[in-house]
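Here is the structure we will look at.
Should a chain be cited, it is by its letter among A, B and C, assigned in written order, with residues numbered from 1 in that chain.
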């Protein structure tokens, strides 16, 4: 016979519990250092020269190098002899890299050990050892590495569809190493909840009202999850507390087009025809292995959350505008003078701040977290990219 | 049939063994991050404003905040949603704190979730989640937090009795984060052995002789352990080595009052009547959860060893003089120009140096360590403060 | 029925495996923090004064101190009372050290506790506790400590034989704390493979050709392993890749004496008679517990790889020339202006760079690694130094 005090104690205890783990999504929980058998953008193509570039991807040390014919190559960055990093070595013979310690020399194309300088031409080690080679592609000014041991499928299959054969376009972006697990960055990117609240103070939004809250649902089309807004509330009256709004007299409300809006906060007289032609069901979309796409009326913003290791993520963010001629030039100017520091710096830095401070699981999810839950479910498969013929 | 050499070897082996652990005091060994259900001073009251103050106590992250009516509040510094620190957030509505990430808003008084800004007024999370709230009191210019989940007893019950309703007094002190476990600081504070030897070089004692050694015993009165001096030796002749003394021609020996001395190193013509009226059985006393009291003829010095985590301690040290009028002013002057750097700086810094260098257990205890042993026994209980009605 | 593709896959998998561990040499694997019951040089003798010198050796904290009669002493650097380092203490009585915390006073000669200042002359602890004392010898300007608990054998038995009663000599050297396990430094020092390749760019070799590769074998004479060169190749043509050589028009090939060469890279008209009289079977030799000897025509270079802990090594390198009078003076000049930075700095720094970057085991060994394998076998014993009467 429990009295009301002890019932209230139990209720209170339930309220203050820290939350739940990720047990409902075991494949998600297991993916701490990333997903195998996917293409990942790791660096700007123009940054790769003849000098080896060490890159950590999915917890593994890689070394990228531009071969003398200009082809980019990637090898496991560890000589099998004594474990020294090949990226400390030199290219003595075309198409190879030699370890700095004893001159073990690997073919860049396939990682095969083709010579051991300090063991003479008759060394018995040749063709009996190798380091793993990773397929590399150059697209959109980026270097893409296929991480895994399976036969790679074409990069085109994984690129956002509108970027496979785009019309003339301009592009600007930023690559940055960040603290925090890649899954938390992906959750942050697709999260409806924080956008309006955390980013209300960003310079990027200084002239524009952000809603106080909204109702959304998630739809899956092909391999993409779309976050779709059902209703938007510019202010709210919280019982017993008061009113909250981000509206200010100097802030502009976005131009809402009838039917469906492209961009829940921006506004434009005319949407870009190529973007409009994509018929995106929603403003924000997310796909494996951690690609976020935000469609604005006149450009699209992409974020790739590339796993470095369990607690670091390579942020690869870029914006693409599908125009040519003078518009292109103006876009570059606008990118370099504005977007780069306001959006890829200040705005995106707020996300970095929160992800680095996130301490989940355990966690308690709420209504807008439907976006997170649908994303986590993707990990259980099917994985159409990998499984398609 | 062991020969004398092997006997001597075994004896030598026994001598060089590192020592013993803390197995005889299992409750003591278990208290590495502190004792639950006690009040702890954590900060100066005047340091707490409207801005959240993060404080770690007994291994747990807390956030202190002064409510708009001036009341100090303490919450667990972790939003239950995604684990972000509430101390990074803002106070939008009176009596609440909002998480910076999604605007989850908690009532400061009891930690209840009362609004979720990004989920609208009808959010189902409200009143279904909470963070733990911790009782806070302001006394003696300090903020005291009750750490634990039990119903708090009044702070008065735990304060040194003479501070519950003191006459007019002046007070000066220092709060400092230090390296080392809180139990080692408490042992150091109450330790008879080191005082005369380690501190002989402190500026605080530069004009005063410290004894070479003395004989003590420990008495328990109520919840306090008292260290009582039985005999004092100003010098000693160590057989085969020579004489050792701290006496120098310029150093003064303390004024010993007949019967019982207040202060084993200081001297005074006249003891303060309020201090004398306490009838302390000894100069130094110690109580749970780590409170040291050193009664000088004209003031009392207190040290609280507040656990931060297993290897850090918040040192809260202050001196209280029970006088009024001009004497009070003189005390403040003397505190600021002398005591603060000599005693709470240089002298107490020697203790910090030793505790940070202590590597025990294992250990070998000696005669003066009776003080440590009695202190460790306290942990087995009874715990009168917690158990009283 | 495996098709050729899958066979090739399996072969490739075998090639890219990381390599093997050190299971074939269990005593070697167990010696991560060093070998017990050996003498180790730890510091320059002239660096030891009356002030205690803390030194970590084989994972253990020691304290060295020069007694008032000039004798060097070593004790375990940990007071048995509360674990404070004795090296923080002072010498109050001749032949002793007192802990700074409570004045526990140990005899330097044997570590016996002979007084406890804060417990008076009748302290019961005296002669009932001790810290371990370690034998110390001064030779060749170095302090040698016998690490272990066995009865020490004479240092002479372990010194390179030619240094036990050398004729007049000059000596210059360097002691440095380095990152990396001591076993990897020993393997590096005796390794034939890297010498010609890694060090080709060192200033020490700037005027001299290094071979491209050579054939060697290892011989054991007494407790020394000798690396003996069978054939030397100044250049090599690697099939499908091209030629590789270190020859340049400005570089000099070494002077090869008929029969046996002293020094595989240096050259001299006349070998030093004392060195020649040693009849070293090879240029490079290695002995337990990690002593490398490189015999040049006119001087001998020694390296001791002294274990600090699992991941740090004290490099003790010195060169000895067996001459007197003016030649000696010239050697000192040559050491200070040339050898010191070129050899003990730049050249030896290349080794440090590689050892700090070695990530083995796992590993794949090749022909020149016979030197490593023979070295590792030594650890299984017998250990003639320790076992001799």
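Quick note on the criterion: a residue touches a chain if its C-beta (ideal position, glycine included) is under 8 Å from a C-beta of that chain, and two chains touch if they have at least 3 such contacts.
Only a predicted model underlies this, so the values are computations on that prediction, with no experimental measurement involved.
Asks: What is the Cα-based rotation angle between copies chain A and chain B, on a 0 to 180° scale and rounded to a multiple of 5?
Replies: That pair's rotation angle lands at 120 degrees.
Asks: Have a look at where chain B meets chain C and say same if over half of the interface residue numbers show up on both copies, different if under half do.
Replies: different
Asks: How many Å are there between the centre of chain B and the centre of chain C, using C-alpha atoms for each centre?
Replies: 49
Asks: Would you please write down the residue numbers of chain C that are in contact with two or more other chains?
Replies: Chain C, residues with two or more chain partners: not present.
Asks: With touch defined as at the start, can you tell me which chain C residues reach chain B in the complex?
Replies: Where chain C meets chain B, its residues are 76, 78, 80-85, 88, 92-93, 96, 100-103, 105, 111-121, 123-125, 128-132.
Asks: Show which residues of chain A lie in contact with chain B when the two form their complex.
Replies: My answer: residues 12, 15-19, 192-194, 196-198, 212-213, 233, 236-242, 244, 354, 357-360, 362-368.
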